[in-house]
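First the structure, which I've put down as structure tokens, then a few questions once you've had a look.
Chain lettering (A, B, C and D) follows the sequence in which the chains are written, and residue indices restart at 1 in each chain.
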Amino acid sequence: MLFQKRSERLFIWIFFPLMLMMPLFLDGNIFYINKLSSILIFALFVMSLDYLVGRCGLITLGHAMFYGLGGYIFYIIAPQNEAVNFWVYTFYICVISAAIALIVGFLVLRTSGIYMIMITLAIAQMFFYYFSDSMEFGGIDGVFLYLKPETSFLGIKMFDLDNPTHFYYLCLFSLFNTLVFFKVIMASKFGRVVDATRENPERTTALGYNVFVFRLASYVIASALGAYAGYLFSMQYGFVNPSMLSWQTSGTALVMLILGGMGSIYGAILGTFAYEGLHYFFEHLTEHWMLFMGSAIILMVILLKKGIAGYIEKLLEKRS
Amino acid sequence: MSQVMIETEGLCKHWGGLKALDDISLTFADKELHSIVGPNGAGKSTLLNLLCGTYKPTSGRILHKNEPIDSIKPYAFARRGIGRSFQKTNIYPSATCLENCAIAAQRYMGGSFNFLKPRNKEPVLLHIAEEALHKVGLGHRKDTVAAAVSYGEQRQLEIAMVLATSPCVLLLDEPMAGMGHEESALIIELLKQLKKEYCIVLVEHDMDAVFELSDLITVMVNGQHLVTGTVDAVREDPRVKEAYLGQGDEVY
Amino acid sequence: MANKNNLRHLMFGLAGSALLLTPQAYANETIKIGVMLPFSGAYAALGSDGRNGLRLALKEHRERLHGSNIEFIEMDTEARPERAPEISSALLNRHKADFIVGPVHSGVANGMLRTLRNRDTIMIVPNAGSAEVTGALCAPNVFRTSFSSWQTSYPMGQVAADKGYKRVVTITWNYGMGRESVDAFEESFTAAGGEIIRKMLVPFPRTDFQSYISEIASLQPDAVFVFFAGSGAVQFALDYDALGLRERIPLIGSGFLTEGTLGAQGKAAEGLVTTLHYADELDNPNNVKFRELYKSEYNRDADLYAVQGYDAGLMIVEAIDQLQGKVKDRQAVIEVMRNMTVPSPRGDFTFSKAHNPIQNVYLREVKDGVNRVIDVAMPALEDPARGCNM
Amino acid sequence: MTTSLFFIQLINGLQYGLLLFLIASGLTLVFGVMGILNLAHGSMYMVGAYLAWYFFTHTDSFLLSAIISAVIALSIGILVERTLIRQLYHRNHLDQVLLTIGMIFVFNALQSLLWGNDPQGIKVPDLLSGSIPLTDTLSYPVYRIFVAVICILLAAALYYTINKTRLGMLIRAGESNREMVECLGINISRLYTIVFAIGVMLAAIAGVLSAPMVSIVPGMGEHVLIACFVVVVIGGMGSIKGAFVAALLVGIVDTFAAVLLPSIASMVVYILMALILLVKPKGLFSN
């Protein structure tokens, strides 16, 4: 069975059916559907970060770089006045961002720990400034995409992306696939080595594995999926902005991940929802929402050592 | 003497001005247990780290089956069948004992870039891993998380992991360190069995064990080769006694 | 003091973000005004002034609202463009806001336009001066009460030429507003026979100007034209003065150089000449009355951003009044608004075809820490609205 | 570029670099001794500038407000270390990143609550308000030279403290071997409190010194934070000497890049950092 842990099964059986039915409850309220779509997209992004940080033990403060690149690559390669095919461009964007990740990963994975945090930050900042100072990519004001892709696959039109509900289901579908994808990888023979490189890289080398290559492969996979999330985001409102690549975006994703719980496949989703929920709540409470948000983050770090997912697992353990 | 597995020629390792290892030329033969002994700081661990590729030599050569291997990558040593255990227990603590060995076995079984094949659905690989556990007497512990087994068992697990890589050379760095008497006895029995099949290089402080097990003993002092010989020859050698007494190390 | 004010907002906020101004029992309709301004981050001061101005207009003209309930829904944009589509979508689709007032930042404006153009609401831009808002992205339901980047800089080219400057260096941040402003200046300045000898673009939002100013000193131009706002404006004026150029090479600019920044600039701003569609000291009855009211209401001096927010409020009041509270018919609202004369503290203004104010642009000079109006640089100036097909 | 302009830009770069060093030194000290990565360090710079402004408007004396601000910053440092940072010594860098991001939020909110969001400024103290003419058009303000001198003095003081005093000996020992210091019977937790508080105070002093030169605005801390990171990483995390060299390097490179390579000006320091890390993955002066 793919989902061995009880908490995982519980989560999947509650979360996805609930999300599937959500548009029925929301009764076509475009705002909530859009909001949920953007949370699902970001959850996908955080999940790709979780794979790097939680499963591979590679801490990066520059993952948002790929989130932004997803949007910009789409802007650069797609013709402006013609609706492109969603699936074809998904493929293009994943391949191109994977190629970039291969080069970047080759550089950053030579370092580790705190130095890797810093060099990923530096490279992400380089891309950030590249896009925010460039005239052809709209500079700091960003660029617009005027047409949404069409999604026909083998002649069957699957989603109408101009329809928020359709787009919502595309996001949910993507998130579910990503979750299963990571779960399959982690359960695979490749995943066995990934676990080994995280837990004891020295031992893994002594056993004859080239740790660097496995890390690089993981980095490429996570980056391509991060770019896919950015591609979805840019499509939602037809809008790409350099702040997608900023270190604040990377930092927010890390906060969400740790809030949700690293290394558990559903922690990324929980964390994104919890963070967005808190943010939404405090923002409507007061314009000084940052005070409460900051305090909440601080308390959470100190009290919840393994995030919400860790807390849930503890509860389940106690009961069984 | 049987076939030579590993040979070093004028091996040196310098840390800045410090000569950790100076001009060591040794041969290690198949199906023999060759111990390296000496007082603290003699360079035993450095030698072992060079033999398994963790360190690169400052000068000199290492030959494996007559091919120079001193410039290959660290992970490539293990691929040639040079497996090692560590002085400090070095395992995957959160994985089960079986999984620990499975990681080791998968290296030479291949398929590590198979993203789809479930890791627990390969009977041959799991069988090899289990066999390695049985060899060291840990068969009953296969589903226990490695962090939860006793210290002695963790040492055994280390050896099992090396065995699961199907090596031809075993480099064992103090496998009995910190063990009780009974646990040591277990390892000694184990090594007696293993040396019938493998070329073993053993670094060990427990001299009783060394004398009991070794076919050849090399004594090192201050990074230099002092003497190599059979157990009896080394036991009688006055230079050895002097070296140990001079260091104030209580061995006998 | 600012801190008391903020504490009070915090209290307000805790009591609930939607604030009902006229809770009469017989109120016939609730009119929702979405406010999308930055309340945190570098632009927070501009956001809160705009919000204050807006609220003031609706409070002052309470009796013209035909008993409508006014509900404010305030959202913090944090001046982050990537949040703009989401927040404006919230105001449009969830709150069904009748009017959406915002933003300050042009990048955010672009994101908002994306979701609000030609939709079922009226968007009133109380600051963002990007040309696109009433240019390429203009739309019937989008109005602006502030200015276009072109309007605040174009007149300065003429002024500079009249002062006899021949060789000018321009410097601005490398972003839309900055480049547009400098281009507008160049347009009129070169037409009048001047020459731009160097155009410097500073990466946004860098505020370390010393090396650029050293470079300017070595070029020895007749004058320097800048577009900077907020912290950039403060920093540029401080560095320009500290390095001794203020006395030697005249510094001229779009009015944002000295707007809301004089306290922080101190004597470094003395003598700077700028063009803008407003000045605190404007001597007209509307302005005097507005400033008094604002001061007594919020215990701080009104500024340009308050005026622009106030005018957005006046537009809404006027529309409600003329339509007797029936603002759901957007076409009617648009019709009323586009023909409106807004009795603004800056002087009356009307709207161009592209829904940008046709307004006076004043020539101002800083004296004793105040922007003094010297002259009207160009009266009733209309933005060319390039790219707008309306 | 003429020779005189070249030297003027060099001075600009040095001055910027020295200020960067002052901010970054606290960051690298705290990391070196305690292994704590403090992302809220930039916020302390902001707090310093706001405190200086607040007390200057009340006391009208720059020196007095500088002293009060430094004392308050020291107390904030002690308080934060005792209540929050203390929880993190045995956690990984990720938790530290998170906690200090939370602190950035809190400091930003407090700034906005206590002091409002208008840009603020204070005037240069009269004694230092003169300037020295360099060319026909350009002169150099005495205050900036004064700040540069203070930065150099503080650098020297830090160097002396670390290399010649008992506190410095403990700091050096703490860097290399935590347990050893504990074995020596030294109260490591007090040492950590002192070091953290000094780090905070250095950032705040940089803020105080900058106050008459910069616009005091919300978010000013985050801009310098990233610049400091670059300095600390290039110099080698934890190395004061490295931070000094790297700060000057970054200051000069950044200044010249702004005028010589305007199209990629903001990328240049990051390119520099990436290149240095490729050659020396742990920075120029790592232990």
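The rule is simple: a contact is a pair of C-beta atoms (placed from the backbone, for glycine too) under 8 Å apart; a residue touches a chain by one contact, two chains touch by 3 or more.
Only a predicted model underlies this, so the values are computations on that prediction, with no experimental measurement involved.
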| item | value |
| --- | --- |
| Chain occupying the middle, per Cα centroid | A |
| Most distant chain from chain C, judged by the mean position of its C-alpha atoms | B |
| Chain centre separation (chain B, chain C; CA means) in Å | 75 |
| Centroid distance [mean C-alpha coordinates] between chain D and chain B, Å | 50 |
| Euclidean distance of C-alpha centroids - chain A vs chain B, Å | 43 |
| Chain A and chain C, separation of their C-alpha mean positions in angstrom | 37 |
| Set of chain A residues in contact with two or more other chains | 129, 132-133, 288-290 |
| Shared-contact residues (touching 2 or more other chains) in chain D | 108-109, 112-113, 265-266 |
| Multi-chain contact residues (two or more partners), chain C | 6, 10, 40, 203, 205 |
| Topology of the chain contact graph, where touching chains are joined (line, ring, star, complete, other) | other |
| Interchain contacts, given as pairs of chains that touch | A-B, A-C, A-D, C-D |
| Contact set on chain A toward chain D in their complex | 53, 59, 61, 107, 110-111, 113-115, 117-119, 121-123, 125-126, 129-130, 132-133, 247, 251, 254-255, 258, 262, 288-291, 293-298, 301-302, 305 |
| Residues on chain D engaged by chain C in the complex (per definition of touch) | 2, 4-5, 8-9, 12-13, 15-16, 108-109, 112-121, 123-124, 131, 133, 135-141, 143-144, 213-220, 223, 254-256, 258-259, 262, 265-266 |
| Residue numbers on chain B that touch chain A, as the complex places them | 52, 54, 73-79, 83-84, 86, 90-95, 99, 102-104, 106-108, 111-120, 122, 161, 165 |
| For the chain C and chain D complex, residues of the former touching the latter | 1-3, 5-7, 10, 40-42, 44-45, 48, 200-203, 205-208, 210-212, 214-215, 217-218, 220, 230-232, 234-235, 238-239, 242-245, 248-249, 260-261, 263-267 |
| Complex contacts: residues of chain C adjacent to chain A | 6, 9-10, 13-14, 17, 39-40, 74-76, 80-82, 84-86, 89-90, 92-95, 106-107, 110-111, 114-115, 130, 174-176, 203-205 |
